[in-house]
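The following pair of complexes shares a single chain, subunit A, combined with subunit B in the former and subunit C in the latter.
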Partner chain A sequence: MWAASTLVFVLLRLAPGDPYAMRFEGLPLPRATIEARRAQRGLDDPMPVQYARWLGNIVRGELGWSEQHQRPVRDVIADLLPRTALLMGLALVTSLSLGMWLGAWQGTRAGSFGDQVATTSTLVLYSLPEFWLALLLLQLFVQTLGWLPATGMVSAMHEILPFGERVRDRLEHLVLPWLALSLVGVSVFARFQRSSMRDAWREPFVRTARAKGVAERGVRWHAWRTALAPVIALAGLTLPALVGGAVFVERIFAWPGMGNATVSAVNARDYDLVTAAVLLSSAVTVFGSLLADLVQRMVDPRVGS
Partner chain B sequence: MTSPLLSVHDLRVSFFTEAGPARAVDGVSFTVHAGETVALVGESGCGKTLTALSLLRLMPTGARLAPTSRVEFDGADILTMPERALRSLRGDRIAMIFQEPMTALNPVLTVGDQVAEVVRVHTALSGRDAWTRAVDMLALVGIPDAAARAQQYPHELSGGMRQRVMIAMALILEPALVIADEPTTALDVTIQAQILELLRAMRERSGMALLLITHDLGVVAEMASRVLVMYAGEVVEESPVELLFSAPGHPYTEGLLAAVPTLDTSRERLRTIPGTVPPPTDWPAGCRFRERCAHAWDRCASDAPPLVQLGPAHRVRCHLVQEPERRRT
Partner chain C sequence: MSARRRTLVPLLALACFVVLALGAPWLAPAPPNAIPADGLIQSLPPTVEHPFGTDPLGRDVLSRMLHGARVSLSVAFLSVALASLVGTTYGAAAGWIGGRVDALCMRLLDVALAVPRLLVLLLMSALWGTLPLHTLVLLLGLTGWYDVARLVRSDVRGLRERDFVLAARATGVREARILWRHVVPHVWPTLVVTATLGVANTIALEAGLSFLGLGVQPPDASWGTILRDGQLPGGARWWLTVFPGAALVLAVLTCNALGDALRESFAPRQVAA
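Entry: the complex of A and B
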């Protein structure tokens, strides 16, 4: 966490320009005014001094000031985070549940026609660039069919709509980015689950379960219980996206979430917002792998003993 | 005589392989009576395990049963009965003990859970009662401190303990027939004796019939009353156990007996049967054992020998039965 955010801190400051250069570029402002603003924010201090100050603030829980939004970083993130968490959370739940279901189904009939169809489809979805898939979806549902709105989280008239219509409006805006993320996510999880389930399905204990008179449903459960480890690990790795967002998909659907905001913050050299976003992502990364480890120990007693 | 508990008639199991059809089990017939222990003996690759699995329709995918094959248990044909009826038989009336208790047990479930599952599947007992019964059964098969052990996972137990769990799982509902596929092969010699002793004790307690699949003639001598010797997918000799050891009828049986080391032979080289079992895609015409047989003559290459009745319970598949003068000494 510390390493990642420090790296970003240094890299951002090494990059040409700073928040003011970006913001006031081309505006007829006297150079002295810009310099004064820089000095006020301490950006003309040597980098080690800036770094020490930043670190001290972070330790005290101060995330800093967003020049781009002209608000405290904490408030900016408090606005962005729920939107990203909503979209990414829905996509993760869908990917995990459908992916595990599909992969487990395939694993028990590896090599069959149904499995081959599913394997080919997931491979194609898995290898498509996300943004291209997003563009295809836009083309189909917005341009050709005209069923769904293209971008944003709500439509322009959202605030004046009656309650029922507002819910509907939100859902309509959610569908396409959710679909783009889930199609890829389901494929990834299904591929992992298929391979572990296929291996488990060949184990002798599956035959033992049948010999005991367990119904096929129960036999599948026996195998599935031992085939969870890789899927849990993958889910743990996916967790940071809940706070980091998905850059391409958010960008294409103009979803006002963390991924989108981080990219524009980088462009605007909004130092504090970028480092805070990275700090948050790396915190969840660490948390995700810890959580995955914990869950793995719960479902598989062989892990760690 | 009463009708047998299990009656296997012309069991044929084949696979389609790249090398052509493999007739891995090729016309096996035998019976097991209630309370009886029958041993199925032979080298690896002769079709013993597949025969055993077929009795509960547990063959690997791709295996095909011949439509004329029948496996009758208590008068019902296992090979054609509906899934549901088959499931209620498995684990309740007919149980199986597998060779490798490490891989045959589910690694992520407690052993108590796995034993109790049999009870939960076949009876109306609640989870708690099933668990209590499982713990009692684990104690009965000689697992010390069974209540605590039941909460452990297979990898936390020794090989012998795991096989005891396997046996507890098979015997908890007192099945009429237990099929044990090489139950001691994967274990240390000292543990093997304990497990055999346990099986014997359980047999006396419940009166179950036991079909014991093994390649170990020592196990046969200790446990079985009747023996079936299999070679290349066929039964080549069926005999009461005393007769098999005193007067074997088939050269293959003789070879198996000669290959058992005794104190007298310990200083010489061990005697073996030359060659190996041919692959099931390529059974030789005529007698399948002829290429490894010391007595083979031209008739063995042209005619497949039938299984000939020698005595009341003694049958042998060899031309020597009709032409004993061909025997070379």
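Entry: the complex of A and C
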């Protein structure tokens, strides 16, 4: 975590320009004023000094000041995070549950007609670049058919709508980004689950369980538990997306979440916001792999013993 | 489909893509950046003359797609080749030396993996301003080798203990030679599968970056930049989304299918996708 955010800290400061250069470029503002603001924020200090100050702040839990939003980074993230978590959380739950169900179903009948159809469809879905799928959905349902509202999270009149309409408004904005993320997500998880389930299905314990007279449901349950490890590991790796957001899909649907904000923060050289976003996402990366490890041990006691 | 045909079909499809890309200057009806001489600078839907329509600058989309295939495919192939080289060297060295060096190398990999790849690319393109093509290849290559390194490392660790290594050592073969001539060739199947899937991934990533305006720069055509041109204000132009997108999906699909088929034919063992 520390190393990752340090790396980003250095890279970001190596990039030409700083928050002020980006914000005031082309504005008729005296150079001296900009220089003064810069000095006030300590951006004139040598990089090691800036770094030491930044590290000290982080240790104290201070994430810094977002020059782009003119608010503390903590507040900016507090606004962005729930939006991203909502979209990504829904997409992750859908992908995980549907993907595991489909993959497990395929794994028990590998090679059958149904499996082949499903394998081909998931391969095609898996090969759809998320941003293109999003673009296609946007053009079809919004620009051509006009069934769904354009982009963003809510419509302009959201605040004055009655409660029922507001819920509907939210859902209408949510459905396309969710669909774009989930379609691809389901295929990823289904592919993993299928191959692990297929391998588990060939293990001798499946025959043993049948011979003992375990009902088919029970046999499936048995095999599935041993086939979970790779899927859990993958889910752990996906976890950082909950706080990092999906850059492409958020960008296309103008979803005001972390992914979108990170891109514009990099462009605006909003140092503190970018480093905070990286810090957050690497924290969740570490947490995700720990969690995956833990769940694997719970599901399958053979892991780690 | 038989296992053999499952490999052959995507392989042929890939060959078609390569031929189309290489033959672009002869196959394309118009130069990729040619703006019509009659001053008809507008985006038109498909006609007989322009089967895939024209973009907002009046350029022929089919020609741009053929030339874009050159850019998109060569960027993907070259950067994956670079990633494979770096990843194999790193993974083989770590796995072969083992012990503390190996542990350190793996920790470093964890750090690299903790930073989202897209963010690194974003920062790098901020660092450069506009990216020349070879820098883009370099960036994609240098951020894409982590998986290769991990897989090669775990393969090498297993191979290190095998008897043929002991035999080579007993006959006095130098360590470096054992690694490169006796161990690394066994890693080949893993490498080919990972690289094929990597090409699929990189084609999509490059298109995405170019779509955001961070990858291939205009006026150069790549599938991503054509898609980007379709987003310019002035109404929906489905032909600028559907055709380059279909080419993109087909190319990615081909590589994924080939990777899957190769994986099954090399070993029925699971390699992380």
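Quick notes
Here is the rule we go by: the second predicted complex is superposed on the first by the 304 of 305 C-alpha atoms of A that agree within 3 Å, B and C clash if a C-alpha of one lies under 4 Å from a C-alpha of the other, contacts with A are read in each partner's own complex, and residues count from 1 in each chain.
Keep in mind that, in the parts below, a residue touches a chain if its C-beta (ideal position, glycine included) is under 8 Å from a C-beta of that chain, and two chains touch if they have at least 3 such contacts.
Computed from a predicted structure; not experimentally measured.
When both complexes are superposed on subunit A, subunit B and subunit C end up sitting side by side without clashing. Of the two partner chains, subunit C is the only one that A:191 touches; subunit B does not reach it. Contacts of A:220 after superposition: neither subunit B nor subunit C is touched. Between subunit B and subunit C, C contacts the larger number of subunit A residues. Across the overlaid complexes, the C-alpha centre of subunit A sees subunit B and subunit C at an angle of 80°, to the nearest 10. Of the two partner chains placed around the shared chain by superposition, neither subunit B nor subunit C is touched by A:83. When the two structures are aligned on the shared chain, A:251 is found in touch with subunit C, with no touch to subunit B. Once the two complexes are laid over each other on the shared chain, residue contacts for A:299 go to subunit B alone; subunit C is not touched. By the touch criterion defined above, A:144 reaches subunit C but does not reach subunit B.
Look at A:207: by the touch rule set out above, it reaches subunit B but stays clear of subunit C. Contacts of A:124 after superposition: subunit C is touched, whereas subunit B is not reached. Fitting both structures onto chain A leaves subunit B and subunit C with a minimum C-alpha separation of 12 Å.
Taken together, the subunit A residues at the contact with subunit C in this complex read 1, 3-4, 7-8, 11-12, 14-16, 123-124, 126-132, 135-136, 139, 143-144, 188, 191-192, 195-196, 199, 230, 240, 244, 247-248, 251, 262-263, 266-267, 269, 274, 277-278, 281-282, 285-286. The touching residues of subunit A, counted against subunit B in their complex, run 203-205, 207-215, 218, 222, 225-226, 299-302, 305.
The residues of subunit C lying in touch with subunit A in their complex are 111, 113-116, 118-120, 122-124, 126-127, 129, 200, 204, 207-208, 211-212, 227, 231, 235-236, 238, 241-242, 245, 248-249, 252-253, 256-257, 260, 270, 272-273.
Note for the complex: subunit B touches subunit A at residues 53, 56, 58, 87-92, 95-96, 98, 100, 103-109, 117-118, 121-122, 153, 155-156, 169.
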